[in-house]
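Below are two complexes that have chain A in common, paired first with chain B and then with chain C.
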Partner chain A sequence: MVKKLITQDTRMFLTGNEVIAYAANAAEAEFMYGYPITPQNEIMHTWCKLLPKTEAGFLQTEDEISAGFSTIGGILAGKRAFTATAGPGNVIMQDAQSMAEMMRIPFVCAVMQRGGPSTATVIYAQQETRLTCFGGNGEGFRIVYSTAGHQDLYDYMIKAFNTAWKYRFPTFMLADGYQGKMREPVTLYDPASRGIKMVPVEATLGGANGSRPVNHVRNTFNLEEELMEVLDKYQEEFDRISPEIEEYLEYKADDAEVLIIAHGIVARSAMTAVDELRAKGIKAGLFRPITLRPLAVKPLRAAVARAKQVLFTESANGQLAQMVLEKIYGLQTPYSTLFKMGVGVTGDDIVQKVESMVKEPATV
Partner chain B sequence: MIEMLEKGPRLAKAQNAEVGASKFCPGCGHGMILKTLAQTIDELELNDKAVFGCDIGCSLLSWNYMNVDTVQTHHGRTTPVIYGVTRANPDLVGIAYMGDGGGLAIGSQHLVNAAVRSENLLIIVANNTNYGMTGGQMSPTTMPGQKTETTPYGRDCDVTGRPAKGAEMVASIADPEKSFVARASVSNLRKLKATFKKALKNVDMGGFSFVEVLSVCPLNWRTNNVQTWDRLKTMEEFFEVKDFVQREGLE
Partner chain C sequence: MARTRIVLAGEGGQGVQSIAKILVEAGYEAGKEILYIPNFGVEQRGGVSIAFCQIADEKIGEPRFSKGDIVIMLSDRAIDRCCTYVNENSTVIYDSSVCSKKPECKAKNIISVEANKIANEQLSARVFNIIVLGVLLSATNVLKLSDIKNAMEMALGKKFDAKPELRDLNYKALEMGMGLIEKAGV
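And now, the complex of A and B:
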């Protein structure tokens, strides 16, 4: 059992990566497997620095492939284990993430997005949205939280462990290097003080000593129909639990004529833009999906249907927009886009774009 | 009148009695290796501690062969899954089972780094000098001149390099104070069991073990019994069968 560092509410001024390490400890995570890649390194730096106090475990592996697979090993051995990665590391970790999907392993991973394709830039982007939601040779049986700031990082990293262990779908906390490297005030707390009970963990491999039948965990199927039967069950379960998991945030979206749809840190820029636009008499509002998998489709469709225009804005070329557009099929609200591939979107960018939309309404 | 004896086959406790007939091809070496491994687990009484991981390729068919907790992993990834297990629970005896492709090609970075870090597990590489499950392509250990589907005119070492010698490579990087590194062969199962014994004892002592087992693939080799045996003997000349690294105090 690890020792928890935060026993009472503690206000701290931390980088996001530090917050994630503290959150994992607060969630009683026992082991981290990791491989260096910017901009997530300080998660493991902090985790390692805290080890004498937490009595948790850490292994620096030879690459992200092994970080992913050894995390799976740790989880199968019955530990609340996790990993973190970014960019090209996230690409090669899909190998392990796919296996976690297939075997319903409560895999937890913090993804701190950087620019792509390939090595690209090391600090910021929202270009791993599609990869994190639908990576691997599968169907996206994953739960993805997109955070917008340090309190989110703490809250959702804790939540990610419980979601993963409760529902047994791999769970991701999708953030970015701006959130990882930036310092913000944040309130760290003991989850128990908020009524959060950590879902108990159990070993799949080892430790049975005859108390249960031997486990044979499978990753290969002989027949196409055999596989489909398993995946149909996964899909049915994913659909059934989705309403329990879906989260979103609406900001002044009730009477919004221009509805901005953005996730992660771009949604924060959008909030400042909404206030500025409202001060100028333009009825703007925000819909921020917090879970990207599964998307909160009902409230999303309702918000889009109420608006006169929609603006998608992302630090990517419409990776979220693509996912949302599929879910709002049939609605007639026209939309515009403000996509900056691998570059931050400021409040000013959004204000200017919305003003131009008011002058010349979108027709698409 | 013939009296029928109610006598089942002699199975090790560590073998899954419900698995039925072997799923491997006739004459395959995997069954011999796994049976010997199961007997060794029994003899060392590691049944409750052993965790078995198998790779993709023919070795995947062993996913329910053993009567111990088993995980069927992904191609080349058995080593990190199993050291992930033993890092999390050092009381367990982890066994990562794979072929020459999984061990020495697609998973070679894991093998190298597990050896360097003296990860606490036994890695078994069943070396049959080809990729069996996918139809008999060249593997890192394909012998010079050997015909495979991707070397239909025989392996030309000028073009494809020399066969990889896994045990020698691991021996050169393994910590002699924590490791056991050996090559054995399915031609002598008694000796194989002795090798597995040392390997598993070492893992139980917290060490790193690597055993390459020279094996046979009559189906893809297109060999009959005599030719299969001869081929194995040729392999034993090329790949030296011996203990390469044995930590002090290990018997």
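And now, the complex of A and C:
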């Protein structure tokens, strides 16, 4: 049993990477596996710095392929284990992440997006949105939380462990280099003080010395139909549990004529923009999906249907927009886009774009 | 002012992020809302290093902003990169003893300081960035000198205790930096 460092509410001034390490400890995580890649290195640095006090474990592997599979190994053995990665590291960890989907392993991973494709920048992007939701050779049986600041990082890192262990789908906390590297105040707390009980963990393959029957988890199948039988069941289960998992945030969206759809840190810039636009008499609002997998489709469709226009804005070329457009098929609300590939979106950017949309409405 | 947006840019290795950290720590300890994003490439040294800092009385929304209230440029490449963060409400401060050119951007004020020259000739090359911190403290005028000194103590206290003359040197650099802005009359 690890020792928990945060026993009462503690206000701290931290980088996001530090927050994630503290959150994993608060969630009673026992082991981290990882391989360094900017901008998420300080997650493992902080985790390791805290080890003498937490008595948890850490293994630095030779690459992210190994980090992913080692994490799976730790979890199979019954440890609340996790990993973190970014950019090209996230790319080469897809094999392990797919295995976690297939074998229903409660894999937890923090992704701190950086610019892409390839090495690109070490700073920031939202270009791993599609990869994190649908990477690997499969169907995206994954749960993905997209955070928008340090309090989110703490809250959702804790939640990711419980979601993963309760539903046994790999669960990701999708953030970005800004959130990893930036510093802002945050309140750390003991999950128990918020009524959060950690889901108990156990070895996947059975109990030691026959204390529980052997459990055979497969990722190899002989026949096509045999595979589809399993995947159909997964899909049915994923759809069934989705309403319990879906999360979203609406900000002044009730009477919004221009509805901004954004996730993560860009949604936070959008909130600044909404306030500025409202002060200028423009009825703007925000729909922020917090879970990107699964998307909260019903409220999303309702918000889009209410609005006169929609603006998609991302630090990517429409990765979220593509996912959303599929889900709002059939609605007639026209939309416009503000995409900055690998670059932060500011409140001003959004204000100017929405003002231009009011002058010259979108027609698409 | 409810929110002060600062862009602090120079070459990697000039100590830009070090003073940004002291500044935001001072702001946090003074009870302000703070948001700080370091921005740099893969190099250990060289390349443009930018610190985006916000100090506010109320909770901060957007992490990145378009235009800074105070934009400090400490190298030619920083000038090239950072004019995009300047508008007619910005105060631009650049080090004319490092830069070979003047920033050509539409700003409220463009002020030149010679922090590098002063550091080399009067103090020590190592406190160049602390002089800039003094410049920043005066130019932003939202934090007190004592806040910065406390934050310096948190960051450098151990070094100061080992070598007390370092404390005096850093304080002197800080005050000389503040004096540069007072002289410019911002």
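Everything that follows uses one rule, which is that the second predicted complex is superposed on the first by the 360 of 364 C-alpha atoms of A that agree within 3 Å, B and C clash if a C-alpha of one lies under 4 Å from a C-alpha of the other, contacts with A are read in each partner's own complex, and residues count from 1 in each chain.
Going forward, a residue touches a chain if its C-beta (ideal position, glycine included) is under 8 Å from a C-beta of that chain, and two chains touch if they have at least 3 such contacts.
Just so it is clear, the model here is predicted, and its values are computed rather than measured.
Once chain A of one complex is fitted onto chain A of the other, the partner contacts of A:Thr121 are limited to chain C, with no touch recorded for chain B.
The partner that reaches more residues of chain A, of the two candidates chain B and chain C, is B. In the superposition on chain A, contact of A:Gln8 is made with neither chain B nor chain C. In the overlay built on the shared chain, the residue A:Met271 is in contact with chain C alone; chain B does not reach it.
In the superposed model, A:Gln332 lies in contact with neither chain B nor chain C. Within the superposed three-chain model, A:Arg218 lies in touch with chain B and out of touch with chain C [touch as defined at top].
Once chain A of one complex is fitted onto chain A of the other, the partner contacts of A:Ser66 are limited to chain B, with no touch recorded for chain C.
When the two complexes are laid over each other on chain A, chain A has no residue in contact with both chain B and chain C. Considering their complex, residues 30-31, 33, 57, 59, 61-63, 65-66, 68-74, 76-79, 81, 95-96, 98-99, 203-210, 214-220 of chain A touch chain B. Listing the residues of chain C that touch chain A in their complex gives 21, 24-25, 28, 33-42, 60-67. The touching residues of chain A, counted against chain C in their complex, run 13, 38, 119, 121-123, 149, 178-179, 181-185, 265, 268-269, 271-273, 275, 344-349. Across the complex, chain B meets chain A through its residues 16, 48-49, 51, 56, 60, 63-64, 67-74, 77, 79-89, 91-92, 109-110, 112-113.
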